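There are two complexes below, and they share chain A, which is joined by chain B in the first and by chain C in the second.
What follows is the complex of A and B.
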């Protein structure tokens, strides 16, 4: 008998997370309240670069309700470097010098945040301002060196060469050059960062509630800084209000709250506010590229050469990883036989860079897509034709891009691009564009392709156990921040165990529940933890069969498992479901089956796709509207299409922010001047269109589940595609845009600047 | 300290507050109603939106003393007798939330909006939600949810009306 097997994977079911969240019952770090807890507030540097001369805390100390005013001048332990920021780790509290506006100098503990902020106002710090270094051009000169002991502001240089590298430019009929830039952006999750800690003197253990994307790495950092036995440090990530990469790194607040909670043996909480989120949370994107594309008369790419500088800010913080990942993405989905990439990570007096959604993927694609537009324009070729000419073809798979370890493996890039062109209906658009132009309306079309490289390193695990009530509990160290993993991973488990979803419970982000974990970032969790369920689930089932055999008093080999029931055909034994198995095991005082499995894989996944956008530009106000945005997207085997759509749409809209509005701006003194939502504009409901998504589901050949990443597909080509579209709207004037975001102000300048035109 | 009375989700609370305490902090810290979230404390993001005497208000820009005697509804007051409010249910069905941090503010804004405009266009919904920021969803599913909720609420009130009508007729 054959029946169509219904699976949970592939169904767009609403999330198990939501009933609590929509009733206001979700518990975020800021909602945690330990009886008697003290609030921490920080006095942060108002200077981008200065020497600290004196810190006076007497007045602050005397304020009623203040318990401690702490500076590293007299707390030597807090001069220790933050873990995981080698080779230039900042101290937990700055004590001799400050290197960016927002760097913490003094910590205040008080009964509540109101009092703590009052006390912060009473702290007097004398600074001797030093020359700030606020852009890479100045920083590269090394006339002022941020870290004299390091000797240079160049934090990292690396080059990648494939084929004949730069030499191959000689084979080109044309060499197209451009300097392309991206401004600094800030992730701005709706929940600011926060951390609360409670030290138990009896057990000498520290409980840390932490808005972090990786509880295990946080645990490692905290135990290192506090010189504590890691077994006595427990980190729990409760609900997290968005992460986007920047809640993943090493921050001063993490070790400060942990250290002080232990030192005073008193619960302490720091809930960052929005201003602190703009000052102290690490940022991303800011890069300047000097690109050359060597191309044949027919549009075929011969060579790509790029020297770029990433404005990293004052300390490592994860920025080098972003710079390297940019290099990995510079080829996009195109065949580039020769390339030479020179990548510099440069330190300036700004808050550090750290991976933010995309983490080099948007940067790399921005460069390759924009230089292809430029090449097409200069050759008088169609922007579509040049892409078709160079896309990796199905017959090329497995296709090694020339970058170490990157081998594209699945899909059909040209067909998918053609599908996008058909959906957008380019020829009909060109007619509309002409008609609109005649009426004084400027429409433009932007198109871009991308590859989304996900996972491909490390491991992630799942701890399975049969709970007393018969549910199967799965704990993973990969902590979500709103992606819906508790639902998606449960769907995978429900298929693995042929059980209803309700009988699966996924526990995220608790170091007490699973030994090891890496965390959720780079769209890796379904790929890594999902496959851990697929494979480890079978091993857990084996243990459950052993347990059932004991109860049924048969041999393990006699036990058959089918759709939630253990039976022993051919014997007189009854059958057991999980609930009965759990209660019988407890009655017999047997241990419950449990199993921990880690999925290790160095095979990345390669989702891909393309975006098409139509913009409408108001020539008088330089306002850019978006009537239509289409995404054709391959995410491999999609576990939950509703959630996948949410990821893609959310990514696109964040990308529209960094393409159109968002830019962290600093004045000539390194003072950030966009430090509120009034000055740093996030996209709002009115400013974004409905996003049309068309899925292509090419199973990932490199992992058992066939999953690929979906979290970054939306944001990767967003800056490229918008700038491309705006240029297209001004094709008759030969508008050239070299800087993202294209804000109304920048567009106005570009429209009125001679050198911006051909 | 100033003594004030707040009626929150139908329960009357008398309490002493400092004149500078924000309504959001009093709800969250003193009444432990932590569903109301603080996203920016500048009145921009809308996460802290509550209904103050039936009108949406930024609880991060409202001093608790100025709310003395007010009737306040927070997200915790939407579900009745264990039944989700149709707007909550629509947010769930349409996947209108990811991290959930901004969600309470959107729900409170939408509840009030649909009372004023039970049959809105998509553009009107977007306009009504323009005072709330979400960083995860890209808004599309939130707009879908408000559309769905509007439809469900209309059908529900249609049922009520027809019941009332039949009662009158009968």
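What follows is the complex of A and C.
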């Protein structure tokens, strides 16, 4: 191995992707133009809950430039359930009933999107409105059941118990109770969802360009729905402008475009617009928790009991996973000897939930961190002290949280928290806070810890191949959406092969290039694909040595590989570099070395860290400004600090959105009323502070590369830490916040004890 | 998010534009397009025809006409922000422009479009009412001058008839100081509430003139001259601004929406107004 100084891993080099992307040369689904392609537009349900009485399409059909107007009334195949959404999958096009505003009812194919939308205006659908169920309180009563065949609105219930569970509350000196909620958020990637498909009649194969986080799973779904041989379905993810989890699941548009492109043997494209992104793309976060924390007089946690309801929308989406992952995160980095968790996923007449960046991690941490604040306040204890008292300590590792399969394994939580306190300089802050208050300015400090549980299931693979020009090409099914995988994975490979970065080419998101893949989500790619390179790379090298041995005419065991050169010391053979090896193999008509390796692992990684934020609240306007935001973050072995920082910063910014501004709101009829950026506020560059990041690099003991997840570290405790800080700013008034986001309107109401209306 | 089909006209003179407006059924003026085009894309506006006035150079000047500035309806936000004439004679406009949207929006959006669009949370309509601007409006058959106080009727509704076009806006030059204070959830967003003031304090420290206008609280820019008059003759000091702001807050009946309750808007109005009065009354360096 080369010395540490010379490794590529650990260097903050700029992304190899940047020159193309910055010059606008990246090719996204919108940039795919098949000759003569038709555009698809959808007529979406304007009702949250209704029976479809009649669909009249004649006027739309007659419009010049329209090729087809399609509804499930005439197209039986399109009543088929979407793949991968058991047990209650929606039909591709709504049939007989609609269950959320935005559900696709009619698909229109036309020469272009303008005409398709004109035709959409001409489709007449009569609905008989049914009682909409728009919150979990009503849904749980089951007085209106969304899916009568299912019998209840409770989609899923699980409970997790550790130790004596609820019983242990009896041992507590105090039981702190609270109802804590989170509103719905929408990911709003810069690029909306989109898909384009081309069917080749000669080969009977379907080529799909898809803004998806997982080409292989998309391929599986599409071939299932179309009942096609999977070998005839190819899915390619071109550049993707952000995914954040919501480009991962099963959606009607995916199978509609694929099915119709095959049916008409004509290329079809759907480029979702911003409005559709608000209506039809799955959402996240909305939960209500009824929590009890049992503690001793000294602040030690005895037991944690939580019953919560996730407002999942009308179908599973990917929501059950979010609900379960919430449970897994409820312990945070704390020692909780007894817990009882009751987790309900409840269906309502809204667009479904699916994992969005964090996917239960923010929810779980929001609950534990907020209830710890509450406990400290009620005991008259310092919010820092209660955390120090309960953090998992280094001597506790390996530490089983009591949740199945979760065993924290590395780092030093108390020391890292202490580091954060020192960096923030809490005592100096308290002095400033006092001084500021004397001048009518309210400052508040919020602190929270987190564990970032990543990977721990499935596999990811890499197909290695020596290309004709001597570069090593690595194809992986883990499709990036802007993270910079082509850089990070190349850095790992460059170290593995002791070669310059330019000699490595990473190919992502093409089902023709590697057989299997799971995809990029949940901060898993470097852990899974990275280790596949570390381990599989050695096996590929072995094959390359065999190939070199043939050319050098020596035994494989004689071939030594060092820094890009194959040689056979002690023989008369010359040495070969990869370029020469490639050309000699071609000249001799030998096959090029290639190898496919899959890294399987059920061992999760446990990054951790803490956030500290200072807020400045203007009591008169309810504006919350963020003068300082500090993250101390353990990401294990960090492949590229520049990229890792990008992930953490991006996560914090999205977290500030869901803590301060972002919320999908629905009226009493289940109409979403925040369907543009006029009403749904994302954090803007002006309001986002500089984010200070301090890395801690505790190698992950559970995988060869030592990698941990970094993609969610920034977003996990954001809601917790902001609400905590705002409360701290009003400590003298005992302000209590039970709902995230804390928008200016809500803060006004909390300050004035106004009846909750917003 | 694609607009329905429409026909498109590009007149080369005001006379041609007015002719089109009076003859083409369902025609609407297209200026900077920063409000109209998004509404068309969302199919909330469905004009049959657009009369694009972007080539009417007659409407692009800022002129000093003695006691006033005359600003062509097509002058862009960005130009208002930079123009030395505006900075000198209508400094509040230059100040407000910084609060309007983002650079891309300001480089297209126009003063005429902003006033004609009549968004209750837009800055320029508030300043128009505060500054008693006069709007010069023409149709093919007549030209009329409307004072800003009479121009705005309700949310997005003005006294403009479909065949009329706003040509120029006359801004009386100001010698008083003014200030605009607002609160928006994000920089560049429409504000929840806007308070604009102009105050003239005599050498003895006594208020000679005081004007107050609010945006975002009611369907049209809000102004009340009776309350303004209460300030006249009083000593310009914080207790006065506090009282006036409070009186205003009691007098208004703010709208209630998704982002702010009526009570919240009332508090915003009071706080922003107090700040805007205080700042306007600060002695400025010459």
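Criterion: the second predicted complex is superposed on the first by the 748 of 758 C-alpha atoms of A that agree within 3 Å, B and C clash if a C-alpha of one lies under 4 Å from a C-alpha of the other, contacts with A are read in each partner's own complex, and residues count from 1 in each chain.
Definition applied: a contact is a pair of C-beta atoms (placed from the backbone, for glycine too) under 8 Å apart; a residue touches a chain by one contact, two chains touch by 3 or more.
Fair warning: this is a prediction, and the values are worked out from it, not measured in the lab.
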Next on the checklist: Which partner chains sit in contact with A:27 here, chain B, chain C, both or neither? Use first/second/both/neither.
Outcome noted: first
Next on the checklist: Going by the contact rule set out at the top, does A:385 touch chain B (first), chain C (second), both, or neither?
Outcome noted: neither
Item to check | Which superposed partner A:684 touches (first chain B, second chain C, both, neither) | outcome: both
Next on the checklist: On the A-aligned overlay, A:621 touches which partner chain: chain B = first, chain C = second, or both, or neither?
Outcome noted: second
Checklist entry - After lining up the shared chain so the two structures overlap, which partner does A:59 touch, if you call chain B first and chain C second: first, second, both or neither? => result neither
Checklist entry - Does chain B (first) or chain C (second) touch A:117, or do both, or does neither? => result second
Next on the checklist: So in the superposed three-chain picture, is A:676 touching just chain B, just chain C, both, or none of them (first/second/both/neither)?
Outcome noted: both
Checklist entry - First (chain B), second (chain C), both or neither: which does A:588 touch? => result neither
Item to check | Partner chain(s) touched by A:745 [first = chain B, second = chain C, both, neither] | outcome: second
Checklist entry - Of chain B and chain C, which one touches more residues of chain A? => result B
Next on the checklist: With the touch criterion stated at the top, can you tell me which chain A residues are shared between the chain B interface and the chain C interface?
Outcome noted: 114, 273-274, 676, 678, 682-684, 686
Checklist entry - If you look only at chain A, which of its residues touch chain B in the complex? => result 12, 14-15, 17-19, 21-28, 30-31, 33, 112, 114, 187-192, 239-242, 244, 273-274, 481-484, 642-643, 645-646, 649-654, 676-678, 682-686, 688, 690-691, 714
Next on the checklist: Going by the contact rule set out above, which residues of chain C touch chain A in the complex?
Outcome noted: 1-5, 42-43, 183, 185-190, 192, 258-261, 263-264, 267-268, 270-272
Item to check | For the chain A and chain C complex, residues of the former touching the latter | outcome: 113-114, 117-118, 121, 273-275, 620-623, 661, 665, 673-674, 676, 678-679, 681-684, 686-687, 743-745, 748-749, 752, 754, 757-758
Next on the checklist: Can you tell me which positions in chain B touch chain A when the two form their complex?
Outcome noted: 18, 20-21, 28-29, 32-42, 44-45, 47, 74-76, 78-79, 84, 88, 91-93, 95, 97-104, 107, 125-127, 129-130, 132-143
